[in-house]
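Look for subunit A in each of the two complexes below; its partner is subunit B in the first and subunit C in the second.
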Partner chain A sequence: MNKPFHRKDLLGIRDLTAEQIIGILDTAENFSEISNREVKKVPTLRGKTVINLFFEASTRTRTSFELAAKRLSADAVNISVSSSSVSKGESLLDTAMNLDAMAPDCIVVRHSSAGVPHQLAKVSKAAIVNAGDGANEHPTQALLDAMTIREHKKHIEGLEIAIVGDILHSRVARSNIHLLTKMGAKVRVAGPGTLVPRDFAYLIGGNPTGREGVHAATLSSTGGSPSISESNTLATGRVSALTVCDHIEDAIRGADVVMILRIQRERQDSAYFPTLREYAIHYGLTNRRLDLAKKDAIVLHPGPMNRGIELASDVADSSRSLILDQVKYGVAVRMAVLYLSTGGTAISSSKGEQ
Partner chain B sequence: MNSGMKLLIAGGHLIDPAAQENTGMSILIEDGRVAAWIGPNETAPEGCEIFDASGLLVAPGFIDMHVHLREPGQEHKETIASGCAAAVAGGWTSVCPMPNTQPVNDNAAITRYMIEQAERAGLANVFPIGAITKSSDGGELAEMGEMKAAGAVAVSDDGRPVPNAGMMRRAMQYAKDFDLPVIDHCEDKSLSSGGVMHEGKVSLLLGLKGMPALAEDIDAVRDIILARDTGAHVHIAHVSTKGTVEAVRRAKDEGLNVTCEVTPHHFTLTDRAVEDLSRGSNEGVRVPYDTNTKMAPPLRSEEHLEAVIEGLRDGTIDAIATDHAPHHADEKSLEYDRAPFGITGLETAVGLAFNELVHKGVIGLARLVELCSTNPAKIFKLEGRGTLAPGSIADVTIIDPHLVWTYTNASSLSKSKNSPFDGWQFNGGAVATVVGGKVVYRR
Partner chain C sequence: MADELNLVEKSRIMDSTAMKRALRRLATEIVESNHGAEDLYIVGIRRRGVPLAERIVNQIESIEGHRPLYGILDITLYRDDLSTVGANPIVNRTELEYDVDGKVVVLVDDVLYTGRTIRAAMDQLMDFGRPRRVQLAVLIDRGTEHRELPIQADFVGKKVPTKQTEIIKVMLTEFDDIEAVGIFEKPGE
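Moving on to the complex of A and B:
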């Protein structure tokens, strides 16, 4: 609350306007070229300190944030708290306030409990960047997914995007749904009934429409803040922004982008589905299922992927899979986020769209 | 007050639904009991200490059927003395602590200890609720007869509700022998375990694990079926769902011995508070994930709140109880997933009842007194309480219906400060509390 005025938290996509999202993506595009240089370093954040505070294991996201900070010449420190804060004898807030007292400019937080970045943002002077909190949000993942889609499809508005898998527990799904619907895409979600809440259209303010298996919320985008009205797609002819499908084929059919979520193996022990084998057969993305999508459809996965379970290897290794592009753009997006959250102003892109 | 001394609560408006009285009347108290009512045109006896109650409501002492006083065992959160201080400051003359102390109140020695600690504090009356099963682990029945002899007024395993229907049936059959109500915190944990808030729109939005309303409904319906079978008095604690309110309404229509209570937070807040506790005051900045919005049962959605309000209006709900659940700030400042369930409530209950129920026209003042005093005394069969009829015990709650005041956690008398109502302004509140003829609190 008593944060210096130029520091901005990034707690979730939900709090951003379409304009702010475009600002971050444009800035990221400008930064992406730095990673292609012989000397991959610019002095933009020289003298700034970034702490990566990870309460949950992560290789890719932590490395991505670390490289992003270093390529902008910030000093980056990584802290991994493997055990829970209480078993260490220090509370979460004490840990954060001790780090904050060392005057970092930005603290990047990942935690298995939803809301931790929000709790830290209330007490820290440093900008808080959410690197994933429980099942709530993973904003930089959604931003790098959007950047990948923009690079390949040139626009997001009007695209049909399927998100398949464990929707219920997925912070990646939540952040992507917020981002993509704010940007004017149509999102369809599908997966096992135990992992896809039937009334998920609530997420963007819609109301479940009944027992048809298709629940829609309508979003009419006016200016930066989308206004949401109750759905009746057929009657109003308005764009249905978020649909819950009963079968994954319905979600994939005609899609421009198919986003596959990682299946967490521990869910099997919690009886959400019987076996990984059955999951692979009934919910895994195979070439045959992908053929239902548009011919030029692209496949995204937030990683780390379980080959042969949620994603067949031949799909993962095909030219339609952009998993490595996602990782590449992740660094650029995180450079933009660190730059903007520590006081930078958005750089508009020559390639800007929308 | 010394023996033989007289206290005259003069010029107030007496509301005593048990005696069917709602009129201007002074109350003469002698030796800890109500000696006489003195009408506006009658003369008061000489030599009384006078409490000027003009413009104030005078009601039989409020009885909170559901609190947690944490003693013995968790005195860092609350003691019986600090809990009783908060109680009388909130207008409660009696409180009924749940047995989830450490050790659990599952035997007469602990029941007696709690009553003795309350006598030492000399503020509110404490009527303990004993455990249904030893250690509240659902395994074997606790010594209900002995606890009743020591002063327990009901039995409950509260937050660790008896999961096994066979055991609950036996508990009801046995409790009936001792005329003890069986209180159930209705929650089928196979449906709610791991959950931290109401399952619905907001839990989806926040990525928090939900506790579905049907986890409460299923247990409530089970208990009502068992009440029909056993003839025991079943009291459903803190109803929070539409399904439970409807089930209790049907049970009452059928003539079953089923009663229930509601907490002030369940008739005031919805799960929206988990998404934003700022009440729009903080320049449009949301305040999500405040752990003072975490309790069990959780804050429900609008349709459930409306059903609870309707239950208060039509008489389905018998009592207002706070479920005062103090937790230390260190515990409440954990992650939302890991922070303990519960909020304090003793000092805000009357204010919330005025703001949300009386001033909004949901209930009248006589019904408020019924909910907070008459009915709790009846349910727990507290002889001489819940009324101010001559001869009854002189427990009195004196209320200023126009008092404008602000509650703050900083000024709370509870040892813990975990209320979501910090900074709320109220229109109506207790201004004095009399227990056994002695003024124990004055605003």
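Moving on to the complex of A and C:
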């Protein structure tokens, strides 16, 4: 059953089926044209209110959501933690309920703790869109990465994708691993041993109820033995699509896409690796390392990048790096998500007017 | 669509030959009223207006020896019923490759009924620029008594008075098995 994404909230890629992901990406592709117009605005969400509730600093994501809302004619309000009453001691749920009382249609939330958007979704009548929650998920980033990949490679299924860096703390990695394995790509992750969890089930699992339709793409490759419990099948099916490599070279060799994660310097005092310089030497993406990938391989980075640490400057500025494309597609993806999540409950939408 | 709604065809009002003739006449009238194909910009409205617009463009080219500009509008984002239709409908791409400023834009759709689609199309068109003139060509006009907005077509393939319970379906080989126009109704109405 092809259920399009018409749900109220977008909390994570984990909850979506491959069909729903494709539906969002198709919509986003059709929205991307609007940003090229002279009048970059359509009246679609006129009269709707979108609140950007950011408990964590962000320039790119917040601006992207704000532009997406404005290009759809929604009213966008930005709340950042420094100016909010959270700093006056208000609890998260109280903040949420107070915002809810002002009847927004959508709340875009970013928080340093995992699960905050899920909590808000329980109390709020507004659609909740996760703009990054702790180390859990950053669904719109994974969607815009997927859109960038699709624009350049035409498909995702069957691609070999390397994700390099701090997998442990990265919500971008988590959302991407969910999305890419659901779409039938082969993912290889690499990074310092301290920053790459070995436990596959932990990385890709976490859905013990085994929702219907999830991971269909990878399930089929296992032959879908009915005797194995569903959660086990999920784990084995997707484990075969996910490999942990000890060296960055092993992950990059033959890859179609190299996804570089940001080294979170704010976590440096936890001593996950000795020095930034040592990280750059062992895990930084240089042209020499990139030569191991396929000739037409593309490089993605979620930003903000640390030039010369995880990504050599000449790679970042080369034509293989699509970092600015990612930012561009980010607006289209967020327009699509806002459009789909503010659209009411799912009914069949046969036009039937003539 | 007809199958989903369990519709029965009451009468066939055009076959493929009649459609060809009507489109040829529409093309001739468009060229005649604009004194040629200069500055003409034929814009099809998704879905069924698109292949019709393409055919009109081909006809004009064979009449005038000069191919007018051609584009596609998807009006989904400009619909006035987005808050009432439930889940937001699928968005397709608008393709207006050329500047509309100073052009004579001819909007093409299959059926003119309430006029709301055309209102949405005109609003969208204006966001792209300032055409010198906007005209409307439709294959079927269901008559002014159904109109909910003050909108009329400049070029009409066939005027068909209908009841509100009836549905006019323009079937095109791009989407359907056959090429024809029929009046459909739900059984028992």
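What we mean here is this: the second predicted complex is superposed on the first by the 293 of 354 C-alpha atoms of A that agree within 3 Å, B and C clash if a C-alpha of one lies under 4 Å from a C-alpha of the other, contacts with A are read in each partner's own complex, and residues count from 1 in each chain.
The rule is short, and it goes like this: a residue touches a chain if its C-beta (ideal position, glycine included) is under 8 Å from a C-beta of that chain, and two chains touch if they have at least 3 such contacts.
Keep in mind the model is a prediction, meaning the values are calculated, not measured.
Look at A:339 in the shared chain and tell me whether it touches subunit B only, subunit C only, both, or neither; answer first, second, both or neither.
Second partner only, subunit C.
Would you check which partner chain A:116 touches, where first means subunit B only, second means subunit C only, and both and neither mean what they say?
first
Touching A:33 in the superposition: subunit B (first), subunit C (second), both, neither?
second
Between subunit B (first) and subunit C (second), which does A:135 come into contact with in this model arrangement: first, second, both, or neither?
Only subunit B; A:135 stays clear of subunit C.
By the touch definition at the top of the document, which applies to A:93: first (subunit B), second (subunit C), both, or neither?
After superposition on chain A, A:93 lies in contact with subunit B alone.
Contacts for A:303 in the overlay, against subunit B (first) and subunit C (second): which applies, first, second, both or neither?
Neither subunit B nor subunit C is touched by A:303.
List the residues of subunit A that touch subunit B in one complex and subunit C in the other.
Residues common to the subunit A contacts of subunit C and of subunit B do not exist here, since the sets are disjoint.
Which of the residues in subunit A end up touching subunit C in this complex?
That would be residues 4, 6, 26-27, 29-31, 33-34, 37-39, 41-44, 72, 336, 339-340, 342-347, 349-354 of subunit A.
Help me check something: in the complex, which residues belonging to subunit C touch subunit A?
1, 4-5, 74, 76-78, 82-83, 85-95, 110-111, 113-114, 117, 123-124, 127-129, 142, 167-169
Any idea which subunit B residues touch subunit A in the complex?
Checking each residue of subunit B against subunit A gives 200-201, 204-209, 286-289, 330, 333-338.
Could you please specify the touching residues of subunit A with respect to subunit B in the complex?
Listed in rising order, the residues are 14-15, 84-86, 91-93, 111-116, 118-119, 122, 133-137, 171, 174, 197, 199-200, 202-203.
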